[in-house]
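One structure, pasted below without further comment.
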């Protein structure tokens, strides 16, 4: 489904001249198979979000190639409409404050020109929000409620590829489980691929089929979930698991 | 509808000598500083050269340093100035006896050569005023201290024309040896010398200690502030910042009513507003004399005077009302005809739904006059659209091209001191500036020249000119333009004429006495 | 007498009831974990302890006592004294809670006043580095910023520290470090802690007592191990049973069925009733009164009759 | 080094702006109807006279040549000769600059000293229901009274009645600073009314934005007093938009100064410019506008530096992060 | 979403009255604004309920006409400004790059002109009159608004909801219109009302200097300018239009603030 081959992303910060160069990703190779969930873990600043942006085609790699569905990204983003979705990291800015929750969730459908009468309320209920939330504005929600709205928005078109960037970290465990179950159920139902980014190794273990560990822009280990949690290969992975 | 006028009682006006609005109190001590404010500075590409000055404000300022052979007295009588007296051996010859002991402000004595040179320089220049001197044939020195001017034909306004600043006597020796450039330096025989001038900000004049007229000027220093905004001038009068100021609003008197010690007087002038109708614009209905006459008939100049000028102006014919010998505007043919006749004339010309644009500049009271005109003509079924431009755009539009592109425009003429002087502008061939919108009327031109060559029975000749111009109606005289002056009675005792021919409020400033030496 | 005493507190927003009669006691020197469903009113309760709610919030009923003083009825000066001397706050967004235009050193100095020893206080949170002093908040990592915030909150050795998810934005190792710091500093100073968190294992490990919120009320409180290991309220049981970290790989966790409630007025009965496996008729329309079950205070009509484990729920056959 | 780069970047964009201004103003004055020849020479001028005048000032050359010459001269510090006063424009502007500068500085000072406290006060007192009604009314009133009305009123009242302050006279600062200030206070007050209101409004907005920031809540939680918080945390953080506004209002104030100078008859750049426009004194208009643009650009560079100093995240030296 | 507060509703009502006033003038209520109906400078009385001006015209119909002229002129101008600023500001802010550079440079050039000089130049070039006043107001108000809209748009463009929309495959117009525009609308509303006050002031200033609407048409600027000269002799000349102008700008500002609060509902916190 998605292949990152030897991708490097370099940011230049600061004014021209004496720029600070910073490799957010260094020679990263990853792939997400059809119907598979890849968990991406690593410390803060290790390049997880950058990886997801590359995967979504929002960030052009400095070097390396990205293939989505076997092809490089089309020049016109529009051709991918409805094929991928994401839950982005910052719940605070994930929702348009001028749009009611219902409108936000319905937007991906609108883009595709589909108006599915009940899809929105159904999806809201799936993420544990009652239908009357559709009429609310984002500033009236708690952090967790907002997060759930963005999840609903990401799932509503049933896209083939999804990125969850810290999608459940603002939620309490019971809601977390609800959402994680929802992800699993939908995946079982129509088999999307996903990149699941989280600090929370427990949540990752719960949903991911394979796990990649990033550190300082590099992927230090990739393994399937069971192997990773029982016999991590890399020193850093062991450290991570100890903290769990 | 006609408006009535609320004219404030002229209580403020002192009862002064006939012909005067105020006479300086000679008993007061001399000396002191006089602070004046005027609304506009001189500003010409020609600099300070008096001969080339063509704007009344410039004349006014230059008259403090420059003097002419003769001057105008109250009620427009010509009086001696640099010439002590003059003879007129025949009606084409003038011999001026120059005053002795007159020096320029650099100390050099004025000679007959200066006078001859000045007048010759004027005639040779491109100055408008060259034409006002009439058909001068020859200017010669007639022995020491005398200058003889010979005309080709008699020319009545000759002396009056000599009485204005462009005919000032310049230091010709210095000009000829190029040690003085009159465009940048003021060097005259007048009562004051310039100490400082900041363009559009202020002038400072100091008394000329060597002034020939002993005892004059009274005030030691004149500070003239340029204050374009009326409110600022009114403020300066009220708080004593200015002892005298020129005012533009016809209601200034009312506005300053109650201000302590401030006296407002209205000086009648011979300047007058006139309407230009472009008869040269291709396809314009205004080319038809009937249409123009209809407009002339429909205009209610009395209402313009009463409403737009607050009763301060007077209807006038092309000879400025108020000048001795000027024709009676009420006796003009158009004054006797009715609106119906105007409509009929329009109908005859096939111009029932006449509509044209009136281009004016934006200085009050021009917009007020234009709006009354608009109302007047509406009565005759004529639609006037007013186009108000800044002065530069206005002159560009009115004088910039020949044939000119405007339909109708409004302006004012300085009226001068002789009724025949301004009539010359009705002949575009001599006037020049109006050749772009006015067809010469040979008949009228002949009458104009005749009136100026004919010292006898001039009134009749002028009346013919007026009637003919009224029928021609390419330029229609409207109303005279009043000039308002206000001064602090507690700070100043000024001398002011009741009427002014050359728009010079400062004419008698050398007489003015400062009450509180500052 | 308890240090913090929240009594039947009702807080309303424009169209939401955030707290619906919450009661909570925190004793001197005690560490209390406040857990619960997202949207259940934890942040609201935490802020109410210092009357730090947005203006849109209205206290409809109830009161909050800190050191015996009614927070909502104090004049401004006294309230400020209370906050300054007796209360400390640490919020979720570490960098955001520091003034972005002021160097870290200057901010601390401002808080400590003239005589304060900035280096000492930074040293306490293991940041005794001159570079930190000169840094601006945005130049710090999240963990460092949170430690600065803790240093500021603990500078006056408050009686009660309210920490609203102070580690949620940090990654796991840093998270551990920061939590340790808060608890050790508080222990040193004898400060009570009200710890708002989603991290049940951490709460269980660190806190003396736990209060569980649901639908704007504290539905169960008691000793941490008891509450999480041996819950008396059905919601607590459901919550405790659904931590993904605890589940073995491949096991499907069963979340609480249904949706969290959103209140607009007082809930007529038990807010959890619609999702509760044990609900009976009166749960729907009779508000449960607090009952004492073992060591816990519980808001449940049926608490006394249920035996619940963190992962299995069973009804005690009578 | 970085600073150097920043400066050269600023210099480049400033130069681009100035160049744009120069093109625009040059084109504008030439597009204005009514040539300066007619204006200056009067209706009686002959065609030769006009041509001669045009030749004297190089106006007979192709426009591009004129522009080139002018730009070259300006680059060399020569702003040309006023066609009216025939004085060098540069010197004349310089002589008038102090008045306008003083007026603007006083007005800016007033807007900061009055507008900021007013804004802070109304923000701190604001209610969730869009309250702060009185503050809103007051600042609304400020923007609704045009300078020329207020100016005329003040001029009249203060000249009619002895109220301690003089109008209609102007004393150079160098001559008598105290007297100068006394004559400048009223015009500056009239000029500043609008900007005080706008400043107050912007401040109110900025402060309200800052008040909901977590660090303010944190400070409240620490028991700091409102004024302590305002002084130490709010002002600095709300300053960026206010400072930016103050920078941009200078442009507005320069324009307003023009009307105020006119009403109070102060010999400043503004009244000079208006008169020059009226008389088509090209060199003066061009130089005046260029001067105003220069001042504006310098002002904005200063503002950027100031903003950088206030908020380290926006500073010249700060790196960019998303 | 919050309702408009009471102050704003008052402002709206005030504006409505003014619009009615202006419409009344179109319908001929109050009389012919150009007709000379009585003696000059009469205080209010029957036949001229707000007095007469220096030409003996009744002030009432002139004020009514003036309200219409001014409101129409400045609202059209501000509308144009708002549309242009929104279009350029949003596009420049969202797209960045050369477009941004170009727009910002242009804006800065305009901004560098002292406002009233710019207006005068425009009036002189176009010839005075309504079009010139309109263009003048637009050119004077456009720089600030574009600048602020762009700044707001830059901030909004980086928000995750915009990214989400892009990921969803939303086309540029949709992203700009549904996500960026509504989130900069508060800025536009506030700046719009600010521009409206500036517009009215510019129109007045132009009239004051003689470049405004052409006589005999009345605008508030013209009336106030004339009234200003007669402040002492005939205070009613400035009172009517002055009160109306202040009321109009005040109402506009108050409504603008209210509108912004409505468009950008936000939390408020007290410091105690």
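Each chain gets a letter, A, B, C, D and E, in the order it is written, and its residues are counted from 1.
The rule is simple: a residue touches a chain if its C-beta (ideal position, glycine included) is under 8 Å from a C-beta of that chain, and two chains touch if they have at least 3 such contacts.
A quick map from chain label to UniProt name: A = ABC-type glutathione transport system ATPase component; C = Nickel import system ATP-binding protein NikD; D, E = Peptide/nickel transport system permease protein.
Treat the numbers as computed from the prediction; the structure is a model and nothing was measured.
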| item | value |
| --- | --- |
| Chain pair showing more contacts of the two, C-E and B-D | B-D |
| Taking each chain's C-alpha mean as its centre, the one farthest from subunit E | C |
| Chain centre separation in whole Å, for subunit E relative to subunit A (CA means) | 47 |
| Between subunit C and subunit D, centroid-to-centroid distance (C-alpha), Å | 53 |
| Whole-Å gap between the CA centroids of subunit A and subunit C | 29 |
| Touching two or more other chains - residues of subunit E | 124, 127, 228-229, 231-232, 266-270, 272 |
| Multi-chain contact residues (two or more partners), subunit C | 54-56, 79-80 |
| Residue numbers of subunit B (touch at least two other chains) | 231, 389-390, 392-393 |
| Touch list for subunit A against partner subunit E, complex | 56, 58, 77-86, 88-90, 93-99, 104, 107-108, 111-112, 137, 139, 150, 153-154, 157 |
| Complex contact set, residues of subunit E against subunit D | 2, 4-5, 7-8, 105-106, 108-109, 111-118, 120-121, 124-125, 127, 144, 147, 158, 190, 194, 197-198, 200-201, 204-205, 208-209, 221, 224-225, 228-229, 231-232, 238, 242, 245-246, 248-250, 253-254, 257-258, 261-262, 266-272 |
| In the complex with subunit A, residue positions of subunit E that touch it | 1, 159-161, 163-171, 174, 178-179, 182-183, 185, 263-267 |
| Residues of subunit D touching subunit E in the complex | 13, 16-18, 20-21, 24-25, 28-29, 31-33, 124, 126-131, 133, 136-137, 139-141, 143-149, 152-153, 156, 160, 194, 198, 201, 205, 208-209, 211-212, 216-217, 220, 226, 229-230, 248, 251-252, 254-259, 262, 270, 273-274, 277, 288-289, 292-293, 296-297, 322 |
| Of subunit A, residues touching subunit C in the complex | 43-45, 125, 128-130, 132-133, 140-145, 147, 169-178, 180-181, 184, 199-203, 205-206, 225-226, 229, 239-240, 243-244 |
